[in-house]
Amino acid sequence: MNWGSASEFFAMGGYGLYVWGSFGVTAAALLIEVGLVRHRLAAVRRGLRRELAADRDTQD
Amino acid sequence: MLRAHGLACDRGDRRLFSAVDLCVSPGEWLQVEGANGAGKTSLLRMLAGLSPAADGHIEWDGRPMGEARDDYHARLLYLGHAAAIKEDLSALENLQTAAAIAGRPLDEATALAALRRIGLKGREDLPARVLSQGQKRRVALARLLCSQARLWILDEPFVALDVAAVTQLCGILDEHLARGGMLIFTSHQAVQLAGSGATLKLSASTHPRAGAEPREVAA
Amino acid sequence: MSQRLVNWFKFASPASFYPLAGKMWPWFAALGTVLAAVGLWISFFVAPTDFQQGEGYRIIFIHVPASWMSMFIYCVMAFWAAIGITFNTRLSGMMSSALAPTGALFAFLSLWTGALWGKPMWGAWWVWDARLTSELILFFLYIGYIALTAAIDDPRRADKAGAIVALVGVVNVPIIYFSVKWWNTLHQGASVSMTKAPTMAATMLWGMLIMALAFWMYSIAIALYRVRAIILERERHTTWVAELPEMQR
Amino acid sequence: MNAFIAIVRRDLLLAARRKSEVFTALFFFMIVVSLFPLGIGPETAMLRRIAPGVLWVAALLAAMLSLNRLFAADHQDGTLEQMSLSPTPLAVLVSGKVLAHWLTSGLPLVLLAPVIGLQFDLSARALGVLMISLLLGTPVLSLIGAIGAALTLGVRGGGVLLSLLVLPLYIPALIFGAGAVEADVAGLGAGGHLSLLGALLALGVFFAPWAATAALRIALE
Amino acid sequence: MNAFIAIVRRDLLLAARRKSEVFTALFFFMIVVSLFPLGIGPETAMLRRIAPGVLWVAALLAAMLSLNRLFAADHQDGTLEQMSLSPTPLAVLVSGKVLAHWLTSGLPLVLLAPVIGLQFDLSARALGVLMISLLLGTPVLSLIGAIGAALTLGVRGGGVLLSLLVLPLYIPALIFGAGAVEADVAGLGAGGHLSLLGALLALGVFFAPWAATAALRIALE
Amino acid sequence: MLRAHGLACDRGDRRLFSAVDLCVSPGEWLQVEGANGAGKTSLLRMLAGLSPAADGHIEWDGRPMGEARDDYHARLLYLGHAAAIKEDLSALENLQTAAAIAGRPLDEATALAALRRIGLKGREDLPARVLSQGQKRRVALARLLCSQARLWILDEPFVALDVAAVTQLCGILDEHLARGGMLIFTSHQAVQLAGSGATLKLSASTHPRAGAEPREVAA
């Protein structure tokens, strides 16, 4: 174990800004990407369901 | 001889037409008819080999288009909505380069004669930019007068022409047919051509999904 | 033999790949999460403090894997592009475009973390070193691919155009890399050269490798996930999509 | 072959018709180059240091600017359709267009460069190297540019997209080209850089027309 | 006023339709800036010296590249005719188009410039001055550019001719803009340069739409 | 009321026509006829105030054009060969921005109704780029349906339209005339319009030098 306390952990020996800037942005970027893709898939599905429902209506 | 079977065309989410059969033999013409947006231009481009068919196949002289492509293109003249006219070149230069690109260079005398016959006398050396709409079309049509191609595919050749020019163009087309040429064209105006021919009616399908579509009436 | 080929083409059809991708991505995602957890644990709690760089060096655990991924994903894109051009399969174009945003993201992360590392280590956010410059150019290549495919409406045409860009780019990446390298070394002693950690501590190496594996799994999972969206967008009007269970409500 | 010559002649004719076109490309080059002393300051030593880089970047930009014209007009007015229906292979016609492009946009730069180099106080030897590097390098710019021009044909926002696609690929030519002159100024031999540039050219001549043709076919269908 | 807003909205809509357009202009700027270190060499001290000049020249070129689009498309498809037949004065509509042009091509540069300045190792203060100078200067580029774009409309070889006309007119903006940053880097105040730039802007806002309109009328008849 | 007297037009070193007189009152139409290159487009652009006349003068409601210009433009709708269609915008957006530029913004419902009436149902949101030739023209013509302009100047409005669309357009023109509108148009096709009207024949002069030219027959 390298760290005596939580604050020491977050300070990263004075490099906190840089280290957390890297890890944080990476984590955020990956999460945002996942969110965007989920949104995209959901949007396609929603549009498709609406279209199919409209089709069924016109067929009846 | 050009023969096509079961052609279909998709644009965006629409199937424009499907199961189109056609056949054009020497000396015959085929007029493609249909409302605006029915797919006439799309069909003609497909037949010229400019865009792929969604379905069906095309044969030239009994060979599938894939094999016969080079021979086919050597014997084809296609004129679309865009007439390949360079605004900065004169009528004469336009005609000569068009012919050279098509692989059949023209000498100046022949080119000049063709331009005069099509009614551009005195305008041979004006840049196409200043020509009127109908005169630009005539520059493009002058290619027909010097063409030895066996098959002409013309997309609305009569557009923007005045009455005299329409009659003259009909005469040119008749000559081509009489020489044993083949002709496929579209027009929203009624046209009287000699020789035997047929009409292909494309009716715009409104069904939005690709799939089984009522068969179109072929020639 | 021909049986095999037929099988391949069966999976290369979007209709059968869509459910397959749906089954596969959760596994890769789970694996990626576990690996990332292990990797992060190693990078913060196992790997010791560097006697030269202090704690700042811990950026290495994402910087290097991200750089590797950015280069690797481009090669994979080019691979799919080549397949698409030779066999004319629709799926390959979709795979390329599913990978591109992730690749661009990793290129960006490589630049970002590198800059954040450079400031404390070299005193500058950026230097015109060969590796940095070619990573920047790689980023531009990704953006070019994405911008071009986004600007073409017809997806089939977009795929083909994208395939050409990817192939031309992959031929050029090594040329660019070496040209920049020679440029940098030919006319001046490298003012800054990357600190080549001579004998990297084994734990560090392990941490990096595990993080790299985690990024791999992430990339595969997200690409499979995105390709599902792309397949649905493009095959909107086929009957198989209409018959999908999730479309029946 | 006939059609190849016809294409080259037609494109040269068109360039001649727009009389000022070749000259304006040249002036663009000159103006961009002269912007730098204005933006940076007039010290000779400094200018001599940055001269090869600035000259080459300006050449790059001048070549790139004229790329828009390469296929766009032919696409719009239907000439490209006619070219693809010609019995001559499209790749041959494309090579003709690239050659014409180089003759009207690259070659004048090669000829003008020494004059501008003088303004930056380059030696006669360095000027020679500059010319050779441009002579080898500008065709590469036209060749690579043709791929980009074909890819962005009929695409929304083509102009700027084109530069985004093409500029990164220009970088090796830039590095070797500017590098050759710098090496010569620094007293090292320029040979290595020049032969690399030659290799790039050979690569480009073989592959670029093919790739550009493939891209054109996509735009056409 | 309605027609003014309609024009701005339509042009922004068109830019948004070409989704990537704004971004590609940005990347063009970034790439051009990165070309210089590649052409010149990587020493930080040298790069810091030339940074203001390089950044401003790149901004100039980015603004200029997008000028082609400003009126050409509207001319070709007849929209310009319709605009000149509109009861709203043509100068107002032209101002709308210039505003839209700046919003899509100038403003993004202003926002991106600091990031790129970092690559050249500029100080925070210098970055601030750079942003302000671009904020004042890029509208001037759009305004002057509009005159050039209108003058070269429908003229053969317009694209390159345009740069020939416009770049010399850009020079004052370049000198004051790059000068402001350099003065700040050198420890002198940037205020004088910036107020001159502001004066240029005021001048441009008053006269450029009028001149561009006059030029458009010539092209139209 | 639009009245012109003694109009002449020079192009290059040709005098296309001279001494053209015309007059259009509310409810009347004027068809300009002539062979390709006779100067129809040139005349229409002159009347719309887009290019200056070499000779003669034009009056709007009794006032010379110079004075009346703003009022005139507020009441004029001009459609030329180029239809001012942006390829990147949808049909709906094209229609709406064209109207806004002309100073008479349209709300979406009206615009959609006009597009549907002109036969673009289901195509309202497609970018104009993918529309067929005739559909593009229809987008331009949809402006007629929402126009309150008193004078319409239409250069070959029937070009590229199919038969049904031609009939429909005739109906639209008739309505306009019935409302007391004025209409000047050109066409190479024969057109049947209700209401009173006249025909102006321009015959291409072949005389190469500007000068005294036989007077053209005016309406």
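For clarity, chains are labelled A, B, C, D, E and F in written order, and residue numbers in each chain start from 1.
FYI, a contact is a pair of C-beta atoms (placed from the backbone, for glycine too) under 8 Å apart; a residue touches a chain by one contact, two chains touch by 3 or more.
Every value quoted in this text rests on a predicted model; they were computed, and no experiment measured them.
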Contact pairs, highest-scoring chain pair:
D-E
Considering only mean CA positions as chain centres, point out the chain farthest from chain C.
F
Per Cα centroids, the chain farthest from chain B:
A
Averaging C-alpha coordinates per chain, one finds the centres of chain D and chain E separated by a number of Å equal to 25
Taking the mean of the CA coordinates per chain, how far is chain A from chain B in Å?
54
Rounded Å distance, chain B centre to chain C centre (Cα mean)
48
Multi-partner residues in chain E (2 or more other chains touched) are 17-20, 24, 27, 31, 38, 41, 156
Hey, what residues on chain B touch two or more of the other chains?
81, 88, 209
Multi-chain contact residues (two or more partners), chain A:
none
Contacts from chain C onto chain E in the complex sit at residues 124-129, 133, 136-137, 140, 143, 146-147, 150-151, 180, 183-184, 187-188, 191
Interfacial residue positions of chain E with respect to chain F in the complex:
2-3, 6-7, 10, 13-14, 17-18, 73, 76-79, 81-88, 93, 220-221
Can you name the residues of chain B that touch chain D in the complex?
48-52, 70, 73-74, 76, 78, 80-89, 93, 97-98, 100-103, 105, 127
Partner chain C, residues of chain A touching it in the complex:
1-3, 9, 12-15, 18-19, 21-23, 25-26, 29-30, 33-34, 37-38, 40-41, 44-45, 48-49, 51-52
Give every residue of chain F touching chain B within the complex, in rising order.
11-12, 34-41, 81, 119, 122-123, 126, 130-135, 137-138, 156, 159-166, 188-189, 206, 208
